Amino acid sequence: MAAGPVNAAEPRLIDDVEFGDNVVVQPFTNLYGCKIGDDTRIGPFVEIQRGVQVGASCKIQSHAFICTGVTIGDGVFVGHGVLFVNDKYPRATKDGGLLQTETDWELLETRVEERATIGSGAVILGGLTIGAGAIVGAGAVVTRDVEPRATVVGNPARHVASRSRTST
Amino acid sequence: MAAGPVNAAEPRLIDDVEFGDNVVVQPFTNLYGCKIGDDTRIGPFVEIQRGVQVGASCKIQSHAFICTGVTIGDGVFVGHGVLFVNDKYPRATKDGGLLQTETDWELLETRVEERATIGSGAVILGGLTIGAGAIVGAGAVVTRDVEPRATVVGNPARHVASRSRTST
Amino acid sequence: MAAGPVNAAEPRLIDDVEFGDNVVVQPFTNLYGCKIGDDTRIGPFVEIQRGVQVGASCKIQSHAFICTGVTIGDGVFVGHGVLFVNDKYPRATKDGGLLQTETDWELLETRVEERATIGSGAVILGGLTIGAGAIVGAGAVVTRDVEPRATVVGNPARHVASRSRTST
């Protein structure tokens, strides 16, 4: 675990985060209980929750929200304002009216494979896999798995193209 | 009015807010002139504007924006990055080119009834009612009222299901 | 260059910004290397990047992200959570796996003309022109130019109306 960004005069909250080498974290960020790989850059107004693993050489852009249950491979681009989801039927309260706690719902895990690109403003529902090198268009709402090297766009996101294995 | 979260070393701006008991407010939040009910939890990067009322036992998730004119019942889930709107034709300036002021537009009021769930990234246009127990899918753009216990998804949001009165 | 908002006790980061007169900048903002015209108001949780020019009498609402390559005319309304894009195929890394740098991609420039309105949650792809007085509906994903005084909505955004030259 290398020395990484710390709470400084700039408004940045970092708690129990394991950083690789050369990680850059912008101000106005709230990171806790997560692991960030070498050379990854994290923009302002980003929250990354407990248990998240982000690979090396990723770009996590401003206003992104990465929730518990998400694993991100190496070289992934997460655009501005991208939102991940980890709960199929989120509710504030249990049937009796008490606030839900962490034991009252099933965590849906999502995996984003290496070199995928998620365009700005996309929403990624829980329990999905975004394949290696896939492209999610800006503003897409992804409700199903995305194949490696596929491109999806729209709400709900639909497949519009695939690149061959030899292209990058 | 109970003692609630206050401006502390953590970057949190709270001005003229009436808190119920046991409210939790995360850092990087901008709350002013609003009323927050007992046991409600408010995530980071949230803005809640003047005049808003949020009920008890709600979860207001990160990056949400709740504007003047919105009233939220008890037990409501407001997902990450949810945006409310209170103006049908927002403009920066009046016809003469001067900046609009609060007297130059009609405030559209929106009501979210008890136990409704608004998925992450949803946009809720002004002047609407989201009925009790309704579910707004992640990324939906809601342009019409949503019936109690109905589920809507898409852009514009369309009705896809309703639950019976006896289910929760 | 008038005296404008500065870093103060409130959490606000302003670096190398040229302000006109009477600019208001809310807290939790990250502005750098940009130029902001007279009487413009900038909400909380906003990032404006290097090289951006914002005209006079604009409203830039909370959670908006305005990237390098964007030019905004006078009297423009940029809604809450609006995201601009400046790269057609954003990637985290180059083919060899190294992190992309500013020389590895083509900057797409976007222009928003005077008195246009961009609704909350809209995503504006790169390389486009939003014409004078145009209206982009809340939650729209704009993939093509928008004519002056036209209204577009949806994902992808489609033309639904135009106003005459004499109306405002």
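Labels for the chains are A, B and C, by order of writing; each one numbers its residues from 1.
Convention: contacts are C-beta pairs under 8 Å (C-beta built on N, C-alpha and C of every residue); 3 or more make two chains touch, one makes a residue touch a chain.
Predicted model only: the values in this text are computed from it and were never measured.
Of all residue numbers seen at the chain A-chain C contact, under half occur in both copies; the interface is built from largely non-matching residues. Between chain A and chain B the CA-based rotation angle works out to 120°, given as a multiple of 5. Averaging Cα coordinates per chain places chain A and chain C 24 Å apart. Across the assembly, chain B contributes residues 11, 28, 45, 63, 81, 121, 155 that each touch 2 or more other chains.
Listing the residues of chain A that touch chain C in their complex gives 10-11, 26-28, 39, 41, 43-45, 57-59, 62-63, 74-77, 79-81, 115, 117, 119-121, 135, 137-139, 153-155, 168. Residues 11, 13, 28, 30, 45, 47, 63, 65, 67, 81, 83, 85, 89-93, 95, 97-100, 121, 123, 125, 141, 155-156 of chain C are the ones touching chain A in the complex.
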